[in-house]
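Labels run A, B and C following the written order; every chain starts at residue 1.
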Amino acid sequence: MDLKDKLISSFIAFENNVDVEHPIHDVRMAAIKNFEAKGFPSKKEEAWKYTSLNSLQKVDFSIFPKQENTLEYKDVKRYFLHEIDSYKIVFVDGIYSSFLSETTHDGVDICLMSSALTKPMYKQVIDVYFNKIASKDESLTTLNTAFSREGAYIYIPKNKMPKKPIEILHFSTGNEASLMLQPRNLVVVEENAEVQIIERHQSLTSNEVLTNAVTEIYAAKSAIVDFYKIQNDVATASLIDNTYIDQKDKSVVRLHTFSFGGKMTRNNLNFYQNGEYIDSTMKGVTILGEKQHVDHHTLVHHIEPNCESHQDYKGIYGDSSTGVFNGKIIVDKIAQKTNAFQKNNNILISDKASINSKPQLEIFADDVKCSHGCTIGQLDEDAMFYLRSRGIPEKEARALLMYAFANNVLATVRIPELKKRINKLIAKKLGVNLGFDL
Amino acid sequence: MLKIKDLHASVEGKEILRGINLEVKAGEVHAIMGPNGSGKSTLASVIAGKEEFEVTQGSVELYGEDLEEVSPEGRAHKGLFLSFQYPIEIPGVSVTNFIKTAINESRKANGLEDMPAKDMLKMIREKSELLEIDRKFLSRSLNEGFSGGEKKRNEVFQMAMLEPKVAILDETDSGLDIDALRIVANGVNKLKSKDNAVILITHYQRLLEYIVPDFVHVLHNGKIVKSGGKDLALQLEEKGYDWLKQETAV
Amino acid sequence: MAYTEEELKKELETKEYEYGFYTDIESDTFPIGLSEEIVIAISKKKEEPEWMTLWRLEAFRIWKKMEEPEWANVHYDKPDFQAISYYSAPKSADPNKSLDDVDPDLLEMYRKLGISVDEQKKLQNVAVDIVVDSVSVATTFKKTLAEKGIIFMPISEAIQEHPELVKKYMGTVVPKTDNFYAALNSAVFTDGSFCYIPKGVRCPMELSTYFRINQANTGQFERTLLIADEDSYVSYLEGCTAPSRDENQLHAAVVELIALDGAEIKYSTVQNWFPGGKDGKGGVFNFVTKRALCEKNAKVSWTQVETGSAVTWKYPSCILKGDNSIGEFYSIAVTNNYQQADTGTKMIHIGKNTRSTIISKGVSAGKSQNSYRGLVQINSRADNARNFSQCDSLLMGNECGAHTFPYIEVKNKTAQVEHEATTSKIGEDQIFYCNQRGISTEKAIALIVNGFSKEVLNKLPMEFAIEAQKLLEISLEGSVG
């Protein structure tokens, strides 16, 4: 049985397991119908031209983990930003781990999607926000919607800010020979509220994992959201990450994606600017080796006037890795005075690595400033020579320059400990001995 | 030749000019001075016909003709020239090509044939020498990447080429070093004749040492609050605008 | 504000299409429709050898199995391929006759087009092949060219006279299977130009083809094959017009360029097909496949000024097969009213040290849509390949669109690829500045657009550049934005 058939037949079992009376029952039904009609996207589709899901579809993934597994904090501590205190929402093989988590209801709600979907006290928020901005058309998003049950639920009321950052961690333990996970997150940040979120998917064994995640983020008027995605998984873990962001007047959303590992990673970032004077920032550092594949798909839809968007993606590709950047900016007719900028710079360091870049502008308004720049090249030879003339050996000089190339995206990371962590990851990935602590 | 009567103008509902009266006769040089925000540049733009300013009362006449219904290019064809405080960049259009187009459009509007290329070249040579402009400069894109001084010199060069009847120089001295100021002033002086007139808009007296005005007007809050001879400029330099503000308040 | 929205709308009137006249000459036109019989009939009409007939039939069979492409960012009612006549020749055309024998009506038509097939062109050193509807009607300068060993003639003649060259090269750069329109063209092409420049020869004059659709309900399917042998040089110009008609006319050409070792080809196009009325009615569908093959040290430069056609689908490309070969693409595409253009280029780097440059300028006005679509592909063995691309869009008015779809695919670590794109509009302050200097708003826009397009206009041969400038002005007249 191929994966699509397996998922569709599992859906019935899944439905029996959850409350069929629940209002989102209809949402799930509509979603599975869409997935059934469309199936997994193929390379024939423009959006999947450079990324194939064929081999993944041949894996016999378990859709429901059979037994629970527990983890000791000391074994997974290194995956947390343990230098600072944080709220934690942790899942092990897709199941919430209360043991590893630290949630709160103190003025803000930082808890579970499963509770939010079932308990009456959350009904109002769920009714207004759940599956509203997420696509009802895109097949993988609807696949997630059909199976949505668990994930993080974060609700920050007006003028509030949680005392500390929130970490969302998804571990897989290898309990199953191969596991498919479909976490569903909802983040609602009300007027003038603020939140910082770090999300990470981590497999702990070499058993195959496929995660198809959907996150909806709503930033109300003047809200500020910082979202950091850390993708440094093992060579048998694949991730399809679908993020939908709805922004209202004067809100600021900054989303950083750090892609350093995993077998196949596909990031679909969709920003919808439903208001004026909005700022949307997307930044990414991608450093790949082996046969890794990362595909960044970004969409910024400028719907209203006077908004800005900034994109800056840097990639370094070694071994037989492949990178894709597809950035799409749409400026609607009424979205005058839009400023949209997009930058994608890449360095190939191996004969077998490749990069496909497609920066795309679709502009229907005339009073706009839009630009995109894309480069594929090598390190500056003059800079190399300069470093070497100061006695730095070629290999180190190269690593240092690559480090500098990737690192300048980090200026907008607002959690110092996280910045330090990413700095170290980049240095490690590039084999740079910094000789000093950043 | 230029007569401004009780001119009121506003932008986005805000009144900036509140009743200006000024008459400029052939052969005269007028200086309009005043503190920042007094309405000097607005006056220049209104005379040139910039449409974002709404004339709510009064009139501007050139040779007795009310300019209200005349388009900006129509005013230019009648001999009105404005040297911009911030000249605009037009990428890919050379200075020569631009000035050629401007001259021939004016000639066409006045029922004349295009200027023969030979005459045009001769004129360009003369006027560029007058303003000490390098020939290479003429093939560059209009105002693109020009320094502040180059932009202003280019404005006066265009004025020399177009031979206007009434030239308004809006803060042509700002951002000019003393050598450039001398060159520009020298150019303006050479272009002056008994048949044309010059209006200098400036914040400082410095320019007036080189181009001596017949009349000096002080603009404040959208009105001419004081007029006099060239000595008025010196007085202003010495005592500052506050002196005048106090005097007019009395 | 320099102008209000209302005034803008009022001014959005197009100047009538200058070349929209129809010359009443007796034509020999096939019945409409497409079948194997028609393909054979075309071949017969052209008195072609059997190999050519078979080639066409194979193409027709391929075409029948293909579907019309949908991926371009254009929307139109698909042409009914059975409602088109695939052959129309002015009856009096006979390429073997001297100019004196040419139908006076035809000559009058050339005069209206502003091209004289006589001494005037000789002075300008341009050899012209004119294709009206489906047939080449006159080729000037044959003798002068022949002295240098240059072959420049209608492709129908070349099939008769130089079958070895045609056989060797036709379909090698654009195979019959390449795409829907190329397959169609391969089956039914009626005429076009053929050109061969021998080894080491610098063609002493510009070669030029002029295409015109005259007859109603006819498609024009011309085929151009240009071979520049080793170390030769040629500059080639192509101009196009069509009368204004309410129904859409179809134009599906194939152009193949072959630049052998060390050869250089400059190919310039000024495309001025009828763009349709200001209500979006009529106009030419221009679906063209143009491609060049560059061998070692060869250079091909495409320059195009596109102002016409209701729908344009066109990507002049370079296959940089040989080491050190160079491909260039300079393009200005202007769209107004309801025009739609999806145009760009492909630069395929296969050889080492290959270089390519892409400069694309799009100007959109009215309700038009203007898209740049490009592919830069650096293959794994193309060491030290370089590409620089720049795509700039200028928007006039807020009912048009400008789109950029660049595909960049790099499989070699020594590649250096740079892509930049900007979008801007004509500033009101720029217009006011021009106005103040006595330049009317219309003229100011022409001036600014010319400045915007300068890098491309500079690449055109002199006499064409002036023509192109005028064309830009005409196509934007009244589109104040």
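Basically, a contact is a pair of C-beta atoms (placed from the backbone, for glycine too) under 8 Å apart; a residue touches a chain by one contact, two chains touch by 3 or more.
Given the structure is predicted, the values throughout are model-derived calculations rather than measurements.
Novice: Based on the touch definition given at the start, go ahead and assign the chain network to line, ring, star, complete or other.
Specialist: Line.
Novice: Which chain has its C-alpha centroid farthest away from the centroid of chain B?
Specialist: So the farthest one, by centre of C-alpha atoms, is A.
Novice: What whole-Å value do you get for the distance between chain A and chain C if each is reduced to the mean of its CA atoms?
Specialist: Roughly 45 Å, centre to centre.
Novice: Cα centroid separation between chain A and chain B, in whole Å?
Specialist: 58
Novice: Using Cα averages as centroids, what's the distance between chain B and chain C in whole Å?
Specialist: Roughly 48 Å separates the two chain centres.
Novice: Which chain B residues sit where two or more other chains touch them?
Specialist: Residue numbers touching two or more other chains: none in chain B.
Novice: Chain C: which residues touch two or more other chains?
Specialist: Counting only residues that touch two or more other chains, chain C contributes none.
Novice: For the complex, give me every residue of chain C touching chain B.
Specialist: Those residues of chain C that touch chain B are 1-3, 427, 429-430, 432-441, 443, 447-448, 450-455.
Novice: Using the touch rule from the top, collect the residues of chain C that touch chain A in their complex.
Specialist: 71, 378, 380, 393, 395-425, 481
Novice: Residues of chain A touching chain C in their complex?
Specialist: Against chain C, the touching part of chain A is residues 46, 333, 336, 346, 348-378.
Novice: Provide the residue numbers of chain B that touch chain C in the complex, in ascending order.
Specialist: By the definition above, chain B touches chain C via 48-52, 71-73, 75-77, 81-82, 84, 87-93, 97-99, 101-103, 105-106, 109, 141-142, 158, 162.
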